[in-house]
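Two complexes come next, and they have one chain in common, chain A, joined by chain B in the first and chain C in the second.
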Partner chain A sequence: MGGLLLAAAGFKAPNLDYAALSPEIVLTGVLVFVLLIDLVVDETHKYLVTQLAGVGVLVSIIPVIALAVDGADRSMFGGAYVVDNFALVFKGLFLAIGYVVLLMSTRYIEEGDYYEGEYSFLLLSSILGMVVMSSARDLITIFVALELLSIPAYMLAGWRKRDLKSNEAALKYYLLGVLASAVMLYGMSLVFGATGSTVLSEIGRQVAGAVGDQPLVTLGIFLIVVGFAFKVSAVPFHFWAPDTYEGAPTPVTAFLSVASKTGGFVALMQLIFVGFFGREEVWGPLFWVLAALTMTVGNLVALRQTNIVRMLAYSSVAQAGYILVPFAVSGDSPAAAGTAQTAMIVYLIIYAAMNLGAFSIIMAVARKTRSGEIASYGGLFNYAPGLTVLMTVFMFSLAGIPPLGGWFAKLLIFQSALDAGTPTAVLLAVIAGVNSVIALFYYASIAKEMWMKPVPDEDRSPIGVPAPLAAALGLTALAVVVIGVYPQAVARLGDLAHLASR
Partner chain B sequence: MDWFDSWALTLATFLPVVGIVVLAFVPRAQEQLIKTVALVTTIVTAAVGVGILLNFDYGAKGVLQFDPGKKTWIDAIGSNYHVGIDGISLPLLVLSMFISILCVIYSWDHFPEPHNPKAFLMLMLVLEVGMNGTFVAQDLILFFVFFELVLLPMYFMIGVWGGPNRQYASIKFFLFTLFGSALMILGFLALFFKAGNTFDIPTLIEQAGNIPHNTQLWIFGGLFMGFAIKVPMFPFHTWLPDAHTEAPTVGSVILAAVLLKLGTYGFIRIAIPILPEAAITWAPIIGGLAVVGIIYGALGCLAQKDMKRLIAFSSVAHMGFVMLGIATLTDFGINAAVFGMVAHGLITGMLFFCAGSIQERFGTRELARLGGLLVQAPKLGWILGFCAMASLGLPGLAGFWGEFPAILSAYQPAAGLSEPLFRFYMVVASVGTVFAAGYLLWMYQRTAFGTPKEEFAKEHIHDVHGPEWLAWAPMLALIFVLGVYPRFLFGVTDEAVQTVTAAFRAVGGP
Partner chain C sequence: MYLNQFLLLAAFLFCVGVYGVLARKNGVLVLMSVELILNAVNVNLVAFGAFHNTVVGQVFALFVIAIAAAEVGVGLAIVLLIYRNKQSIDLSEVDLMKG
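So, the complex of A and B:
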């Protein structure tokens, strides 16, 4: 009977490549398992759930590596779901970020007396959404992945439920996130209406041709880009970010500012380079303005912050601005698009390491000072020299000072702009250069506080760093330093992982 | 010696890293051990330097020595690990190694507050890596990394161990330099794309002639900003007096002796040979700013109340002579400039050492409160006098050979440059030397002559002690040796300088 119905509808069961889906399948298994285990573990052993989730994420990396070793591109559902180098690099990155965030969360959630099992479950769900996003080459898949990565994050942002600021964080994030989704969905429907397809490669074919000239497509592209501008907190769509970052639990803030933002950029890269590459004149100038505004406003406002989380929030706005630069200059040719993609991929990897590291330090210091004020970092070097040196490493890496990872990320951004070589591109590079000088001021102000100021309350008792947090710090610091000295390690990934632009 | 030929420069650059790693594992309380490790590291590094000096082929023309060839470093952007030296880099490399040892010796017993020799010496070794690396790098990206590497340790050295206004001075130093290097790296990238997709300096020197003239001018502008801020040239010099005044003695010495040279070295190694056409257009501007710097620095000196600040302004003036020599684009001028760089490193370094020792003894550097140094500490007083004489360009001491030929070279600048204009610069620069004599003698008179001021009259002032002698004697000797036998240095630099100007003569010259 069922078979008959299927036959009547002309339905052909899609060919599922289970090998290609194995990371998603493993991760789904892990998150269901975590949810079930949470039911039977008693209250005193809840930390086991978080640890289990961490191990599960590491296990999910194994199939990613296996697929990378295998090397073949796999495509499913008529090109809607693709596992290629691009997807694998980002799947690996998201899982690595997820692991580090779980390390950061372990003790925080336990000590704060929050729900632990559900926390891990939601975090894993969001990571699953990102893993799916890396392969999504279809408007609907992108949208589903985006909601899957966003909805758990809305809840996580409000995890400190007895704290007003956390409530505000969640509500703001939720409302603006939904608004962004609506705008984006409207844009997607317009593009679908004009091209008759949701698969990006097909859209790309049509948009490059006659269909692309319709105003409908222009409006569609515009709305989609604006929707994602909310996601990556580009100016002027960034207003939610500082409040949400300040109110959310710190590991969640780290997760939002790194993973969620990277998710938005992954979606944008797929949309732009596969779907809309033929209409450079629509998105090129749009990205130019977004990039210039985002860098400049983010940096200028960051100068004025007295709370370190808000400062890092604006810094991450500014960093998004740098990542937007390659978009703005990538439209001239597929070659320029290649340089731009390398720059963005490498930037996102390095950014993840240094920002997660910085947030780990903030968590470690807050264990003692119970404060996010920059002034509470005064004289840190006197009683926590190790943390001070690491924080200095992360801050100056974010500022882009060699030999720490960030310099190479910035260099590639400049390179992509000068590769395009048009006067507007060079102007954008100069704006980025001036911005990196402005940014140094507030990154260095943290260093100044730690090294050159007296201890504010003369409390010089040392800071105890729990083992998982120390592991997170070690991993991120190692990545920042190794990449800084031998950038080829990530540059190679960036070069391998290009999407094919037409 | 094949092995030494290919590894010498890498060792010279990265041996201090070994010291840093060892220091990281020595507990903070074991100060004696920490100081010994740092001293041994700098001495071993300098031993490599001596090996390089002995094996250097002084007659070779236009080739890089100790160059093991390019090694892949960052394939993705086409940057290689490529090191090599010629007669221009050699003296500066050796100067940098040599100053590092002396600075460790000088700090032996007096680490400024908040003490912490471990952190201080680790930073000093990081500085040495950056300085040595900059002088041997033959790839723009490699150069850039080393050029920037010196910023962090210097920032902390000023900011943590500096004077009362240290926080302001340190961030000002950092921001100014970073602004310049942001534009410089854009220039490097533009060179990469316009001149055949390479960052390799020797290759760029061959290929960059094809870049359209207008583009060259813009790229040169970017490089100019990077190097001119580092030199520093008027009007980008304002970070220098603050940084020098607030820095601890050793920081000031390294800053004056080596860091400023990174800027002038950048002009000679990168900007001028790669973009000779643009250099011709820019030279009158550079020369003009240089002579303004000479006069402005000198007038600035006359207005200072603080001894270190005075020496800092004198640096602006002296670097003006160096830049004037470079701006003439002649063999003569650039040789004088390289000589001036080394001489200024030794002499101004020594002056800062003296100022530091005076401050340590009297607790002040205020000229109005000092006096009678020759009575209270005659040896220190004579050393200060010797350095002041050397600094004002007294013939027979090193300073003379940096200043006088630079002025003279402006009489006959390279073809394509306006002779009357450069002769005018020459006259202005000569007036500058008179000012120099003025402010240095004035400083010397105020500090050394007369009787001690009342507040210090009864105090017992220690004369020069052991570590100071050890740190200073080699510098004083070199100031003298280079003064009476300048060929010692001109002989090394001349061949390499001719290569720089040859690339330039091919464009517009005779």
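So, the complex of A and C:
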């Protein structure tokens, strides 16, 4: 015992850069505060807790902006935790997504008579995990961040405790999520075994050298990519996604399909571009197959869905396929890696805006029709013209029609594939092009339903949209339209936020 | 030290675990199979850590143990929820929605 104390006295604490950690510190403070306030607020004023959480998320954006203005790259713990432009862009994006999801949830959770305070707390914990993930450049940090963002999400998916569908959603998400992270961990243990380090930059150095040729590294990279393919719901690891999205409460579905998926992509980008860039021949073909399968299967199955949430679930599977395209071609040349990163960052930002918007509309319409069937959208224009116009905007943006945000995102994806220029990359661009045409059918069918079909039960009473939901709609619609008209702004953001790949 | 023995043990545990997750129908046994995979990871990490003569492997293993405990806590809660609503933890009966 004495020896232990002696050793402890000699312990030198690592240098902590509190400025670099300030977004995480503020967010942690907010989520503890939210949990405490929830204890003392009585049942009728629980909405205050959600509002407090929303304000807290906005406050956490302030240090992110301050760090961005400062502009210096900060690195801690031997390069395990890095705050650079890439990290700051995604921290800002995750906090913005969190704010919009909190706006969407306010009335939904209250009216459903669910536990409101704990809901905000878990949502904030998950966002904290994503904010940490943006900076994680180390296998252990990535693993901890991944679990911090996933475990609260498992609980949120099953938030409607008495509803068997919600139970099933939570169970399927949990089992496949846990299996995926276990497989990913096994891959990480192999990569650690081959390189003797968990810091990605050190792994990157070694993988590019002689160590990279070991089969241990090949198997490790393969298992890690497969683990994250589950997280981002890439085909053939997508089976949980439609069921979980349908069964979970709608704001949680929006959160999972946008934030949790972006979290997976952020981790993948860091692993691939910082850690495994030297072994392009391992992950390049793997991503090529995943991207081609994910786009095609997602779009073809989405065509024959009759429930709008399931349709959007398969649409988000297909969108993940588009985001995988730049991964597949990024190893072909150093220039291709640059355009690929810009394309992915821009796509993730625009995808967040348009998908959250589409889910807000679904929530607004479901307040009246109590149904998720596409047929219940018949004649929506007759009694809710505003919602119809916005839904059309989001659907056409998802389909990639100018001048809405989605077209610019798709353009960059095609550009990254054509920049790479190899025959396989061009073939992938062709597959993506064919898929965009297929996708137009089901996105346009929603628009057709809303504008041209008769109202199913002749109930033309207007839809009351609560103020927070209207705010969420306004923010997302504004983002989609502004980015579509003035895309240089996000493109510049994407160019600035490159990871340094070796 | 022979590294291979530990790696073979871990690979065996990993395969048993994956088989268990895919084949078992009982919710609790599936959770135990996941634990098997995570323990395969731990064996790997500690063995590689000793091989490279670094403490990082053991630190990673401690993180895995702690977080696996939290994960299984949530998993058991979800299985319990399903038991309350259905009086069964047979996972093949949880099929209201078809992927």
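Criterion: the second predicted complex is superposed on the first by the 491 of 502 C-alpha atoms of A that agree within 3 Å, B and C clash if a C-alpha of one lies under 4 Å from a C-alpha of the other, contacts with A are read in each partner's own complex, and residues count from 1 in each chain.
FYI, a residue touches a chain if its C-beta (ideal position, glycine included) is under 8 Å from a C-beta of that chain, and two chains touch if they have at least 3 such contacts.
The shown structure was predicted, so the numbers you read here are calculated from the model rather than taken from an experiment.
Participant: Check whether A:Phe265 is in contact with chain B, with chain C, with both or with neither, and answer first, second, both or neither.
Facilitator: After superposing on A, A:Phe265 lies clear of both chain B and chain C.
Participant: Touch check for A:Tyr322: first (chain B), second (chain C), both, or neither?
Facilitator: neither
Participant: After lining up the shared chain so the two structures overlap, which partner does A:Val144 touch, if you call chain B first and chain C second: first, second, both or neither?
Facilitator: In the superposed model, A:Val144 contacts chain C only, not chain B.
Participant: Determine, under the contact definition given at the top, whether A:Lys165 touches first (chain B), second (chain C), both, or neither.
Facilitator: Second partner only.
Participant: Can A:Phe441 be said to touch chain B (first), chain C (second), both, or neither?
Facilitator: The first partner, chain B, only.
Participant: Contacts for A:Ala429 in the overlay, against chain B (first) and chain C (second): which applies, first, second, both or neither?
Facilitator: Touch partner of A:Ala429: chain B, not chain C.
Participant: Quick check on the complex: what are the chain B residues that touch chain A?
Facilitator: Touching chain A: residues 72-77, 141, 144-145, 148-149, 151-152, 155-156, 159-160, 166-167, 170-171, 174-175, 178-179, 182-183, 185-186, 189-190, 192-193 of chain B.
Participant: Quick one: which bits of chain A touch chain B in the complex? Just the residue numbers, please.
Facilitator: 342, 396, 401-403, 407-408, 411-412, 414-415, 418-419, 421, 426, 429-430, 433-434, 436-437, 440-441, 444-445, 447-448, 451-452, 486-488, 491-492, 494-495
Participant: Touching chain C in the complex: which residues of chain A?
Facilitator: 139-140, 143-144, 147, 151, 154-155, 158, 161-162, 164-165, 167-172, 174-175, 178-179, 181-183, 185-186, 188-190, 192-193, 196-198, 239-243, 246-247
Participant: Which residues of chain C touch chain A in the complex?
Facilitator: 7, 10, 14, 17-18, 21, 27, 30, 34, 37-38, 40-41, 44-45, 47-48, 51-52, 54, 56-57, 59-60, 63-64, 67, 70-71, 74-75, 77-79, 81-82, 85-86, 91, 94-99
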